[in-house]
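Dropping the structures in below, format is structure tokens.
You will see two complexes here that share chain A, one where it goes with chain B and one where it goes with chain C.
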Partner chain A sequence: MTSAPETTAPIGMIRTDTPAIGRSMPRAETRRLLAGRGRYVDDGAPRGCLHAAFLRSPFAHARFTIADTSTAAGLSGVVAVLTAADLAPVCRPWQCRSGAFPGLVSPVQRALADGRVAFQGEPVAMVVAESRARAEDALDLIAVDWEELPAVASLAAALSAEALTHPELADNVAWRTEFGSADFDAVFAGADFVVEERFAFERKTGVSLEPRGVLAEFDPAEGLLDVRISHQMPHQLQLHIAEQLDLPIGRVRVACGDVGGGFGIKMHVYPDELATCAAAKLLGRPVKFVADRIEALATDIHAREHQVDARMAVDGEGRILGFDIHDVQGLGAYSVFPRSSTTEAMSVLRAMGGPYRFEAYRARLECLLQNKSLTGQYRSVGHPIACAVTERLVDLAAARRGEDPLAFRRRNLLPVEAMPWTNPAGGRMFELSHHACLDAMIGLVDLDAKREEVRAGRAAGRLLGLGFASFVEFTATGSQAYGAAGVKVAAGDTVVASLEPSGSVRAQASASEIGQGVRQALAQVLADGVGLDPSNVRVETGDTRTAPHGGGAWASRGAAIAGEAAWRAGRRLRGEILAAVAALVQAKPADLDIRAGEVVEVATGTPRMTLADLADLVLFRSHELPAGVRPQFTVAEQYHRDDDPFLPTNGIQAAMVEIDRATGFVRLLGHWVVEDCGRIINPLLVDEQIRGGVVQGIGEALYEACRYDAAGQFTSGTLADYLVPMAGDLPEIAIGHVETPYSGSSVGAKGAGEAGTCGAPAAILNAVNDALAPHGASLAALPIKPVSVLRALGDLGAGEAP
Partner chain B sequence: MTVDEETLTITCTVNGEAVRDVVPVRRSLVDWVRHDLGLTGSHVGCEHGVCGACHVQVDGRVVRGCLMLAVQADGARVETVEGATRSGRVAVLQDCFFERAALQCGFCTPGILLQAAELLEHTPAPDRAEIRAALSGNICRCTGYQAIVEAVEEAAGRLRA
Partner chain C sequence: MKPARFRYLRPETLEEALAMLAEWGDDAAVLAGGQSLVPMLNLRMAQPAVLIDVNRIAGLDRIEIIGERLHVGARARHAEVLRSATVARAAPLLALALGNVAHEAVRNRGTFGGSLALADPAAEIPAVTVCLDGAILARSSTGERRIPAASFFEGVYTTALRPEELLVGVDFAPLGPDFRFCFREVSRRHGDFALAAIAFAGRIEAGRVGECRVVFAGVEESPRRLAAVEAALAGAAVSDEQAWRAAGDGLGAVLDPIEGAEYPAAYRLLLARNLLLETRRQLEEEAAR
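Here is the complex of A and B:
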């Protein structure tokens, strides 16, 4: 179900026939991006701008001494060669701490490593020069004495503790926890049967097409640090730059222009970015650093390295009784600052069994330090792992009962009447629509026809499979998650809206635009909130100098949180406008309405005053206003939820695959998604968020892996080694919706940006296993590589090369 | 420019204008148009020839601006997305991308527009598989490509009409 754009009307044309909320509209600002007029970090540089390059550790774990920097510093065009000792006076070290993870072990980190590196790619020195090329020339001239130390790479190596990620620690455990229901043992003992599997998930990363980049400029006279950066949350970063560089927060400006993709990569404190800010402060000159692709692949946060032993208990009627999960997470050399890497694993534990009713739960978790890049909050944080584990177990149970996997799901999915409900994993479930989504999916797929196609294809010798995955994605996180743990992350958002001359509305929002279209969505909400066309609303974001402090872009929060703030701001502005006009035309505000930018009488629709005339009067001829009439044409609304730490969303995905018996390649024949993200503000944009998310999930299922060898050498440093899905690899992705608005807000929107990524790997894993099942084969590791398919089929021996 | 940087003087046309410049011999074509000519519509996504963000047209053919040196453009006719926009050569594609929301962050978009325009020049009625094949050298990390394929298909239809 493709949502065709509903309007091709030129920007500025007024439509009055439908509300803007719910209308498919293109994003006004993409005209600029299409013309090549985007403003990404690397697109501009002030006069005299210097360029930074980093000497990065070639080893996963080593001690080092920098023997000589003078040769490098003497190269023409080189302005400075900086080491840890040079940056220490201007940049404090930092350490990840969270009240949610008491006792978390994560050593201190610095902008430049001091004497020891703990992962390959960790910056140890920095050259600042007139050009990036010259800075890189100078890197080759820095003399370093390296003493390689034993490195911890695999989860098995981390567990064994034969080598240590950090020599001062006793083992490689960063954090561990265990919890469960009191009756867990009894429930499992009483089960009719238990299915179990060991799952392995390889590391992957976000690969925003625009790599991370920063341009920092320090004005010593004002004491002001101006930072342009490709980032998802300028306010969070402003706070940390201020803290680490010892500046008052008001003396740090962080501005994000166009951001070339984020996906959770651009929301952390990175050593190279802080080093760039520190160098700008130290040198008093603008310094720019833009990661190249190998730097991005090696040092952007990674995610999803988990080994999961999971069991599911089922009773004689085919009802799920409980889940038992033991998760071992590969966390990297440090827990990422400020949000911590452990969050991902906790998200796995919380999302287990999400769509289903069950009684008992036991979870055990070990988060392990390794001499590898840090891990963090990549799109759909942890959920795809929980979803793949849960949904595979569900298929195994259905197969054990000789039952249709959808019949098994239908019996076990949490019904509407059982909500609200807090499940044994701690997930609070409410306003979900599992059965409605399942029914809609069956229609969208045309399931009988597809099943017949699979049957006929198999009869003809083809390896075809259909797989399904129900999912719950927790979105729009509240401050209960980070704030309660003492981590300074804003979970609320603010919108400041003003009526401008000409009767248009301008707003500043604390949400961040990273391509997902939040500015368009907020414009549509404000338009309805006030009563004008979205083309007359302009929303600005991303600059701490003008936008109020708030959350930025994470956890699919734009529509749900900033959207509600925009609605409330719009309604307040509307109230101010109506009160002013009522006073002017001697009517009651309740008898007036604003429609298409004009104040009219509710009953008759008779025009009383346009917003343009009103703005002219109030802004330019205020002396003509009756005494005491002082309308406030700038209003602000700050919004956070009182309860509901997360807004759960739900849906179901289906995938159809074919396996090439000769090569083991998996070809995707179709992918379907039905999801419920509450009120949809712009169907066109929501569908594209879901498609984009599904394709990242397809990458997770079939292609993407950050690989390291046993010595911790990173072997996925180019886009020829790290494969992302390309246009030719992909099927058409059909999308359907069920709309269950969140009852706790006026707009009713929940998060939509991560649902696609959440369920796609599970649906594909199940589809591949469905194709393998008639051959007695199965798989439980992502990504699904051709060689593992051939091994599973017995066409390739365990040690045999393809 | 750093004093001991080896340079050459090149002359070429960029977006229809004659350009003469002293360029470091190791500067890539895309870095030169971006940082020396200020044509920042071409982007750098990988610098190793995989992503297509750096696409520019040289003598009528789309090339990887990261795999070609600026000095190799001596005597050539170079067109970037800015030039293609000004001439209107990609206007219908731009309209269709806009309407179909075939871009999110927009970082891949200029490269894809130039590639799609080249496809439509020699294949006015491509099917979806042909469009996907033609874009097999362009990474888009945001959209999942389907909207892009549909926008190109729609543009092909409008251009034939």
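Here is the complex of A and C:
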């Protein structure tokens, strides 16, 4: 373990005897959810609730005219058939704009397409009926005249501009950029050698267990739109619903109940969700829309469609000199509102070479429009691509030098003494523990034994491989990213904490619970901040009516940002309590402490007053308080980090694979992660975040792909076509930690939610290539497909790339 | 993803069910386990006017020996067939295959007859039924037909069953005690449909294959016995890898594999060949025990 540099923390460091921070505890909700008492969007409906279904474009690109809706509208049980013209008066169009991406080309989008569709699955019309089934019946009766247009699907087609995603544009480029260090050419020219590779990454998506869903209800008397939704950031959505539907923000309530997974798909403005809100306002009746699995797979944001040409220069001593990357990103039909799809590609460029020291960098980027579903910020945004590219180049360089890939890494990993440092890609590196993680990984894997297993297995004809991936994940994004670009995304969080009559603490937090357990983490932090058991702390989130405005769930920020707000709120409440008790018992606050819900003397531990008695006195018998004693038992703390745009975290992953030569299948024999997310508040929750992230990384490496044919037809619309890794196909995932707390906060936590996803694809890609190497084969495309493996081995003839 | 409207009928007797089928024919779909039909209804790929639920009809799920033959009722759940001692004795190949059918939850509802009537090219049960030369019993209000499995499967999701007929069961004639069975499957994940699977039944005498049957699932549009391969293997020693390799190399001339974007025909052919070689290894290993 390493420790943070000595600092003067803003409101006092955590005591060494803290009972709750660092303790593995199940989430408070676990019992309720396991008992089947979760409340997801589709679990309830108010009286008179109507159900929406959408007529979606069957074509990737087409003009259309809706010839007739009267037959559909006449079907019994149908309340309304709505088109773009119907929604126009109640819902404004929107357009993705960001100061970070000047000149971004992304046309106006509407809740329902108006005359032209730009991707298959785009909503064209909406039926509101007494049941979802009835609404779907009516969809079949809407008469539409379609005029199919040439569609842009592949990256190559987008680049060629033979067809246009939007006919009014000159080409398919949404945005492009290029930057680099001044001495780039000289550094590469002076290299001992340069390794290079072309990488291809296929689209994937988040596949939350609970699909997107919304239940909107408009009260015309109050002018209030009440929105129940499965979403990661209710406050952001509240703002956009208010803007698009022309309501004061105070007249829009967004409430998230239990959220069955987010992964980044539930943080955008979706046409079908806004259309549902608009329909509720228009009709004055509750309207519910829950995406079915086909709609989820086809229209939830996709991610990770990139083709990357990458080079890495190395000197004669085996030191990395620099990276050169040309990234072509498939963006989809529009840049997603409000955060923009280009963010993913910029994240790739920023994370390149992250774990290493290097001098020179050149990055070129083209973000291309396509007649495909929109892309956006899926778990570990862009990082897995940068990590796979970087780590594969590192393995290629080590092989070129005939060197152990870990020895090459050890030489090049950024050492503790070289930080803080801003690398040529623009990543600010500080408080990272690459070498400590590498050492811990070697022990966790029992590397010598595993390498012997590989050697012996190969001698017996097996195709075994070990792969490694160091990584840096930028977490807990500050307002420099979106706010500075004029995009209204809150990067701070607020916690309001109150002492309740029983002596328990209740808090409202602007963080979002999406299954990751942030409420539990905040309860543990508040418990220590005040001085009581976490079971006596209740944290509420997700409802804009009660929770203060804040960021929600994105960029692995719950512990790092809301956690710090919770700590400060807890300390402030503690201060109020101690001041009040000191006045009552005629002691100095400094001589008192709060332990297990009781105010005690610091020196002797003698109990002076329980929090329950204190709350009783202050809340019900305040006339008994001495003059001038006016404790504030509701406190609020807002926290936003201003100095560092991101909190970098780091770690290393290892994977062991076997290739079955009879089938081309890759079987994972083991997976190991050592990561450093700073102070760990709840080890159980952190480990499960890492494991879940690794599983999504395994999906990215071996299974998952959103496929389209050349005409832009989506061909992965069911879970029989879109394969996710299943528990039975997964190995044990072993996890170790190095703890380097963030010195700029009291809690010292950094993000942990995405680290697993960041490094897993790279580790598996390297392991597969390690297994292929003795046979003179290699791969550079994810997911790794059985057919590709056999073709690489020469066991199967080349054909059309599958 | 909600089904289109349909009329729901739930006959209590076979006669009632057959009368309904006679009346509704092509407009009806038979609901047994619902593991394929219900998703197809939800996707609106199937929009029958009438759903005839046969779950109440007594006796349709019997697994029993009648005379010398094993009878598996059409509504026998996969899990029941898999665990049946009668099946294990009389037709162990069925149990070997059923372990590869989906997951426990699906096997608890899905039915033997349902899988046959659906005729998914990648399904296990049609392939083993062909391998065992089962006789498929199709009943209508006018009588019963015994359809040899070899002529039952006519293509992807297409069978010889007539609209007014209900598949009520399958009869399997016993194979000799010197028969050995093998079922091996390649699927992307545990429980997925087969990319390729092999069903093998063969009489092994003194280490040599006598009469044998070879059927693949997931490779062609319908399962069928591969006479040329069976002939090539007849007389070959189990230990004679060369002979099996030659039979495997012959598959290219015999099979017409399904072509697909992700899994090209050449890949399925390669899997089929490797499965044949694995079958030999398994027979050899079992003989050594």
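Methods note: the second predicted complex is superposed on the first by the 781 of 802 C-alpha atoms of A that agree within 3 Å, B and C clash if a C-alpha of one lies under 4 Å from a C-alpha of the other, contacts with A are read in each partner's own complex, and residues count from 1 in each chain.
Methods note: a residue touches a chain if its C-beta (ideal position, glycine included) is under 8 Å from a C-beta of that chain, and two chains touch if they have at least 3 such contacts.
Computed from a predicted model, the values in this text were never measured in an experiment.
When the two structures are aligned on the shared chain, A:D709 is found in touch with chain C, with no touch to chain B. When the shared chain is aligned, no partner comes close enough to touch A:P220: not chain B, not chain C.
Comparing chain B with chain C, the partner in contact with more residues of chain A is B. Of the two partner chains placed by superposition, only chain B is touched by A:L719; chain C is not.
Once the two complexes are overlaid on the shared chain, A:E136 sits against chain C while remaining clear of chain B. In the superposition on chain A, A:G728 makes contact with both chain B and chain C.
Looking at the shared chain after the overlay, A:R293 reaches both chain B and chain C.
When the two structures are aligned on the shared chain, A:Q516 is found in touch with chain B, with no touch to chain C.
Look at A:A35: by the touch rule set out above, it reaches chain B but stays clear of chain C.
Comparing which residues of chain A touch chain B with which touch chain C, the overlap comprises 131, 133, 292-293, 718, 720, 725-726, 728. Within the complex, the chain A residues that touch chain B are 2, 5, 8, 26-27, 30-31, 33-40, 42-45, 76-77, 129-131, 133-134, 206-211, 258-261, 263, 292-293, 514-517, 684-685, 688, 691-696, 718-720, 724-728, 730, 732-733, 756. Listed in rising order, the residues of chain C touching chain A in the complex are 1-5, 43-44, 186, 188-193, 195, 261-264, 266-267, 270-271, 274, 277-278. Looking at the complex, you find that chain A touches chain C at residues 131-133, 136-137, 292-295, 662-665, 703, 707, 709, 715, 718, 720, 723, 725-726, 728-729, 785-787, 790, 795-797, 799-800, 802. Of all residues in chain B, those touching chain A in their complex are 1-5, 24, 26-27, 34-35, 39-48, 50-51, 53, 80-82, 85, 94-95, 97-101, 103-110, 113, 131-133, 135-136, 138-150.
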